[in-house]
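Chain IDs A, B, C and D follow the sequence of writing; residue 1 opens each chain.
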Amino acid sequence: MAVKLAENNYGESRVRLLRVVRQEGRHDIKELTVGIRFEGDFESAHTKGENKKILPTDTMKNSVYAIARQYPVEAIEDFALHLIEHFLTYNEQVSRVHVEITESPWSRIPHGTKPHAFAFTRTHGREKRMANLLATREETTIRAGIEGLDVLKTAKSAFDGFLRDPYTTLKADHDGILATTIQADWLYEGEEVEFSPLWHGVRQTLLETFAEHDSESLQHTLYAIGEAVLATFDRIREIHLSLPNKHFNLVDLAPFGMDNPGEVFLPSDEPYGLIEATLRRE
Amino acid sequence: MAVKLAENNYGESRVRLLRVVRQEGRHDIKELTVGIRFEGDFESAHTKGENKKILPTDTMKNSVYAIARQYPVEAIEDFALHLIEHFLTYNEQVSRVHVEITESPWSRIPHGTKPHAFAFTRTHGREKRMANLLATREETTIRAGIEGLDVLKTAKSAFDGFLRDPYTTLKADHDGILATTIQADWLYEGEEVEFSPLWHGVRQTLLETFAEHDSESLQHTLYAIGEAVLATFDRIREIHLSLPNKHFNLVDLAPFGMDNPGEVFLPSDEPYGLIEATLRRE
Amino acid sequence: MAVKLAENNYGESRVRLLRVVRQEGRHDIKELTVGIRFEGDFESAHTKGENKKILPTDTMKNSVYAIARQYPVEAIEDFALHLIEHFLTYNEQVSRVHVEITESPWSRIPHGTKPHAFAFTRTHGREKRMANLLATREETTIRAGIEGLDVLKTAKSAFDGFLRDPYTTLKADHDGILATTIQADWLYEGEEVEFSPLWHGVRQTLLETFAEHDSESLQHTLYAIGEAVLATFDRIREIHLSLPNKHFNLVDLAPFGMDNPGEVFLPSDEPYGLIEATLRRE
Amino acid sequence: MAVKLAENNYGESRVRLLRVVRQEGRHDIKELTVGIRFEGDFESAHTKGENKKILPTDTMKNSVYAIARQYPVEAIEDFALHLIEHFLTYNEQVSRVHVEITESPWSRIPHGTKPHAFAFTRTHGREKRMANLLATREETTIRAGIEGLDVLKTAKSAFDGFLRDPYTTLKADHDGILATTIQADWLYEGEEVEFSPLWHGVRQTLLETFAEHDSESLQHTLYAIGEAVLATFDRIREIHLSLPNKHFNLVDLAPFGMDNPGEVFLPSDEPYGLIEATLRRE
């Protein structure tokens, strides 16, 4: 029997890091989780147990710390670019590097009317900022993203006119709850992107479009969100959205002689719908 | 052999609920998780399989929904009081009711310069507001609380002068990271407490004291926080704090010829220290 | 205002450990998670920021490793006793030590018809073995336990004759699913307990009694289990059981013209009932 | 600006199900979690809010239950084939259906020397059996898999001769711990595959090869496992393995005057290495 080693990669996942920048009267922090993957010439490690082209994943971890010391982290996309440059420079056996960075945001604790100089708390739910970079020696693609952004609205949400089959029991709904946890990532094009202002702009567009759109379905809202992002930010070539439809079922209070005009709902984690699409600038 | 049924209770846990109040031009929401426990005369259910004094836990769940329909939820402590009154009135076999409510906070999405009328997102990390009520027909104790409040500071944090034994390798630290996830609950005394303003006041005191205290240890900070709460809010008789000491270890960059003056840290989830204490007004 | 520091303790949680014992032709392993808490004379640390009586939690962690090196771990209760002896000997400021150990069980991979000498896998679901010891210089109480033991049966399970009120919609059930995740802990009395054989004996009694009991309710089954353990093991003075009633709801297939004679169920994680009791030898 | 709706799909995730088959003297159970995704002609739902081609995800859930009532579940791959046939038959707007099923295994509680007729417990760690089917009207690809299979060995594990750069501090290791959580999925070819015997055969091959292989790295072991599966099972065309390298670090006891000859290790969840590859029959 002939066996072929097809796609393969390896790396280090969940390298955690707090980077502190200490200036007189003001400290800044970034909390990151970094993942690194290498593709390249690793066949003999698999087939012969020969490790001479294998940089230990422990070294990848050390590299993250050493490079973080050298470059204070502003935008996570820039930090990922430094890591990629390092790995491609020193590892000729590697043809492609994948760097994924997740930022867990911290905000300053209010101190009287001002933000505190060195004390922080979390103010962003389970929300994370993401960067996903894939680089060869010829080309680098940069995707930014957000995940865990919980949103919910109690109006401008309908679902009617859908396909019915013998197993369909769902009723049309004209004033239900629309709730999702936005996971989005988008592809930048061109040079010299200002990563952080753009990211904050996209986040605001996601929230506002979700809130204001007159929704006929979660598909309808997904498309409106994607279209708004592409219309607003010309450095974004495509956006991918993955939106769970988190069911909030109206509780049936009729057995207790009560109506329930959209007031008491049962939130549930499972099952959930899932709507996914990519929108691309033509 | 004689066996005695000692302490026993039963109930329904994790009853989830979204309560919507719809007014012209403004919707309000509360997302709650409710737990209920009964103590009482349940011996024959255990020893004989006789269920005539057992109200099904499914009925407890239904009761939460029916009562939520009747009383729009303002403060979770008030909603718990309605549940307790219901259960003690209709269940003479029950001697004590325990109601625990967790609120998962939502905030309004910004809409231009104003908060949105009916669209919401999360802005409080993993933070939850808690209420814990324990009631007999004679007496009700009301505890409010907070959990999941992540805080971190990069200055005013020392740990030195500690006890050393042969297994001690820790170095004294004068400018490390102090990080914890505040879990606090406190006991109210007296009638007519305004639950929501008080809760928000305590939360602010927790944050400010953590930020400003010149800490010699997490014990030292815990005590300062508890003392500040008792000094500020005379309706609070005691406060219990449970503070994990989340270790952020300075990464050793010396093997790479670099120093690390408090700039690159490794956050870790385990192991962690845990400091707990109750402070009580004399 | 006078503030009193009431109950307080501190310690290190989630100290993880794999202990390997290497003999010719056979390796043994134990994977443990250890938690340690001290009570004692810590008032000045809280009130004055004076650390001279505070043994660092980092030292507690080091002590676990150093003592694990000296005593190969057989029963976790014995390892906890070594830890307690160490801490009470070297820390006169400590009045009470609490040690909690969780064992995550590994089993040998089958190797032909024999168990493998040094390769392991998990065969116990989410099940953990627990030990919980609380010691002063005068007295040590030893509790052993189990958690995460999932069990389910499809017969000998009824629930009928229960109390009904206006919010009761539950139907009597004579052949439903009874499912729970057993959490039990028990108190040993006397000297020279053989911890591991006893633990395995209790585990087998829990499983068999759950399976064979003709259940009128989960309370009824809890009592039968507790009674069987106390009747079988005279070194056990009391047992506490905490049993979630994991609801498996029969799916209503009538809208599709189908019956459902106990064949298709919806498992759910929330809400769940919770039944708790302590049984004590008189 | 022109925007194009590119790849898109929708469906229902985490539909949970317990299927009971009741025969005289013996009950059988299967606990499943099902996910369904549709690809097809959904453009107008996105762009116009027109739902006439959208079968509700709630109907997908109902279909799972109705079809489970009609076909007792033996192999999850067969159940997935029934679901696919149903959806492709009744939904001409759908071009491709993806069905993913996860089985959470239950085993019979021992009853004396025999397995119990109707009482079950879990004996497989966090292990799940998976099926992943992707079908158009022309073609169906069937992948089976396993996830959460924890394995660990204390011998026959080396890592040496690796690439070193200035950030490399890792020492060569000749008798460390090799630990991973196997996630594997494989592609069947041909008709009339006997899914369950094959799945159990692959599982046994995974375990045995992991245990016996003389490992120079996790890459080396991954390849050996994949090769063994392809050599043993000719109905399997390719196999993909994703293996986290779970670091167990030898604890440094030198500061306490102790050696540590492979006896006391620190297990850690993060960071972890990750090795991935696909092996394909030529």
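Note that in this section a residue touches a chain if its C-beta (ideal position, glycine included) is under 8 Å from a C-beta of that chain, and two chains touch if they have at least 3 such contacts.
What you are looking at is a predicted structure, and each value in this text was computed from that prediction instead of being measured.
Chains that touch both chain A and chain B are the following: C, D. Here A-D and B-D were compared by C-beta pairs in contact; the pair with more is A-D. Here the CA centre of chain C is 29 Å from the CA centre of chain D.
With centres set at the average Cα position, the gap from chain A to chain D is 24 Å. Centre-to-centre, using mean CA coordinates, chain B is 37 Å away from chain D.
In chain A, the residues that touch at least two other chains are 16, 62, 66, 167, 169, 255-256, 269-270. If you check the complex, the residues on chain B that touch chain A are 16-22, 27, 29, 31, 62, 65-66, 68-70, 106, 109-111, 116-127, 149-156, 177, 207-208, 210-212, 248, 251, 253, 255-256, 258, 260-268. Listed in rising order, the residues of chain D touching chain A in the complex are 1-16, 35, 37, 42, 45-59, 61-63, 66, 90-91, 93, 159-165, 167-170, 215-217, 219-220, 222-223, 226-227, 230-231, 238, 244-245, 247, 269-282. Those residues of chain B that touch chain D in the complex are listed here as 166-167, 169, 255-256, 269-270.
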